[in-house]
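Below is one structure, written out as structure tokens, with a few remarks after it.
Note that the chains are named A, B and C in the order they appear, and that numbering of residues resets to 1 at the start of each chain.
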């Protein structure tokens, strides 16, 4: 009885707010959109979104406040300072998951957006696994996801593998013991890796491959101890994988590392699926023949995801325009504008994923995995761990590169998890 | 040994040592210019021609394409930097001149303690004030804006500008000011009629120094005004993102360095004077 | 002193006041605030929620030097020490050499001077971008020898992972104590050999006793808790080359100004006394340049202790072989959002610089006072 009353109340409030909104004039005024999308397909995608939004809401003056550099580090620094100074942007880009929850939501700085989800029917249109990730314990949703990226992808060139006489390894053990020596005997770099964060990216694929879905999730929910033999084994395997990699990793960007595969200098590269856009657009390679992909070893059936989202901070000057923007972002139309340019999957299931003019062969393939696989969150991209953990982890990854000491690395990670409040 | 042979011997050893001296100088000059050669060659090459195997060769044709691309990326940064550098340089020079005048000619009790305390500000690692600085600027609404960055550069420029003017005005004979004082000039009258007309060389030194320092600064730019990136921040963003196009990066590096290089080559004498002033004794 | 009118002196003070207030806030107020922050567990989270940070005393500092997780900071300290030593050494040696060469009444001196000094006009960011390209291990400097038919260089520059002079971080306090004791002992013995005084003899005896106590007794009480191998990271050579390229001209300019200040008569007098050209430098020029060397060491030292942009641009940030405290502080604060820990790193940097700068400022202003 009580539940029903409160449900009615919610509906009444939602209806009221809607009546209120429609009774008012169309949203107008300034709308500052804060992101770190300043180059390539990301920037093109954001600009296309803004252009369409302006057509829909000509009264709104959109300010694109994108901050470049440091793969988002600089932008996050600016964002933190602006929030601390009580001057938040109207809406900002944030990775779904802990990067959002551990700070912005936990600090009570975000408005719940459940009414927008209900009004647009998104609760049925967004996949359940994704909704679970962005819903807090009280059932509130604070952000609208614009895209889905996959982290655990292994890239290669099929013709080259044939030439070298190797196949795509199914497990990390196979990679380390069979694939790697075979390639090294032919003077080919088995795996190309880049600077620090790409090493952390590789690490999470190794962890998922070694621990499996439950074991990997356990690292973040506390059921897998960082000092357990399994967790130490992750570092052991990761160390052996690094031994199969190029020795100039600190000098390479992710593009440099991916390019080694395209150039035939290296056999494999583990990188998120933004690499598909790089192979396709920048290097002009054909999916399937010029470059190909597989789930990283041992992670078949698992989809390690990350997602860019936007939310509504409390106390902004023009919430009406922000709500209009967020309502637009989640629609199939907006997602079909943005994602083909950015090179990512739409989060909304009613998007035209089957349209091969919009989404190339890689994304068709990835989408079937997205809808059928077990979904896990990426550590390297802020989904399962708070910023303080990620920062400390960067140092641990860098230290491990020097000493390959699994015991120290796992002990350090355990302390870090404790210190940053991830486990009690 | 005859007396006649000694000068001849000296002559020969002289010319040998001359040869070694010039040889060494030319060798070092060549080493110093290697990066310049690389920047120019890479920047003028066609993008298709930029590769590791030919990186030391002359471009087959001179192309300005990289400069066009670099300029496009760097243009907002260049504009921001000019908007920052000009007011910040003028303000910190004027304040420095006044401070130098006060500290050299109007000594008051405690000045000997205040001055080194002011100077210390020029040596601190700016990381040590970064967190409160960001908070302070946020609280007065100047965070992530050019005016905020101007304020920061004016304040942290004060020690060096004050130092240069203090040492410079110390050379101005007190008799000149005393004569002015007898004519009835007060604090401002003396500054305006006696000190300021003598100050041009001092201003040139300080303006050049501040211009170069502020133009080249990175840490404040990257933390205090991300939304309006200065040229160094824009250059770093270019090098840290997307595909590494070395030709564009080298062209951009040259563009970013050009204003300070021009100033240095035209007015190098004054630049060196500012540089030596940085070692306090001057 | 002029303008004894009280009113004018008041005006003078009020003209200085804005600068004093600004510097008071921006230098001393902020340093105080950073110090206060460094004694807490302040984080972005706490500040956003509005809960006050907890006072944790010296925990952040303690963690930096002994905590399991802060191996990165300790690597930074070791890197900074090696980098500073090499950077100063290279700049002084080459700067002095160039200044002496240029002081030989050279034709085209202005051209050479311009070439050696122009990197000073550049930003460390420009230097970083350019040298990153030159240090590419498969390109750049390494292939330069092939232009004249020599084999390709194999040094891996800033991505080198080699480490020389390895030592156990645990032993560092012990090493430092022994080094200090040795210096004191040598100083005391020298003093004693000259004066035969009792005080130096007592000091010498004392240091010997302390060393004996440490050696025979339990020196391990002084040791840090964690076993960690540190050493000289060879990759730092790349940073030294790039930073040296930029700053050698500065030292040269300082020495050149000093050389020009030594009168020809003085040198001639030495020559008349039978000094060779080398002797003139050994007995006349070098001693007179000593204060300039000290100035240069201090200026260069404080630049290298707080270096940030060059390494950030060249190494990208998380390359521990060339990591410096300035980068660690930046990431700890803005990426990890742990202000307390970031502030502690900043304070350690400040202390390192202050130890170098404050005595220098005091002494040079005192001597200026005397001359005036």
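Here, contacts are C-beta pairs under 8 Å (C-beta built on N, C-alpha and C of every residue); 3 or more make two chains touch, one makes a residue touch a chain.
What you see is a predicted model; the values in this text were computed from it and never measured.
S.K.: If you tally the C-beta contacts, which comes out ahead, A-C or B-C?
M.R.: It is B-C, judged by the count of C-beta pairs in contact.
S.K.: Among all other chains, pick the one whose mean CA position is farthest from the mean CA position of subunit B.
M.R.: A
S.K.: Could you work out how far the Cα centre of subunit A sits from that of subunit C, in whole Å?
M.R.: Using C-alpha averages as centres, the distance is 41 Å.
S.K.: Please tell me the distance, in whole Å, between the geometric centres of subunit B and subunit C computed from their C-alpha atoms.
M.R.: Computed value for the inter-centroid distance: 20 Å.
S.K.: Mind pulling the subunit B residues that touch 2 or more other chains?
M.R.: Where subunit B meets two or more other chains at a single residue, that happens at 135, 223, 236, 240.
S.K.: Residues of subunit A that touch two or more other chains: which are they?
M.R.: 70, 74, 77, 84
S.K.: Residue numbers in subunit C touching 2 or more other chains?
M.R.: Within subunit C, the residues that touch at least two other chains are 136, 138, 316, 333-334.
S.K.: Applying the document's contact rule, which stretches of subunit C touch subunit B when the two form their complex?
M.R.: It comes out as residues 1-3, 5, 7-9, 11-13, 15-16, 18-20, 22-23, 25-31, 33-34, 37, 94, 97-98, 101-102, 104, 106, 112-126, 128-134, 136, 138-141, 143-144, 147, 245, 250, 253-254, 257, 291, 295-296, 298-299, 302, 305-306, 308-309, 312-313, 316, 325-326, 329-330, 333-334, 339, 342-343, 345-347, 349-350, 353-354, 357-358, 360-362, 364-365, 367-369, 372.
S.K.: Can you check the complex and tell me which residues of subunit B touch subunit A?
M.R.: Where subunit B meets subunit A, its residues are 134-135, 137-139, 141, 143-144, 222-223, 226-227, 229, 233-234, 236-237, 240-244.
S.K.: Contact residues on subunit B for subunit C in the complex?
M.R.: Those in contact with subunit C are residues 18, 21-22, 24-25, 28-29, 32-35, 38-39, 42, 52-53, 55-56, 95, 98-99, 101-103, 105-108, 112, 114-121, 123-133, 135-136, 152, 154-156, 158-159, 162, 170, 174, 177-178, 181, 186-188, 190, 212, 215-219, 223, 232, 235-236, 239-240, 246, 249-250, 252-253, 256-257, 260-261, 263-265, 268, 271-272, 275-276, 278-281.
S.K.: Quick one: which bits of subunit A touch subunit B in the complex? Just the residue numbers, please.
M.R.: For subunit A paired with subunit B, touching residues are 38-40, 65, 67-71, 74-75, 77-78, 81-82, 84-87, 253, 255-256, 278, 282.
S.K.: Quick one: in the complex, what on subunit A touches subunit C?
M.R.: Going through subunit A, the ones touching subunit C are 70, 73-74, 76-77, 80, 83-84, 102-104, 106-109, 195-197, 247-251, 387-388, 390-392, 394-399, 401-403, 411-412, 415-416, 419.
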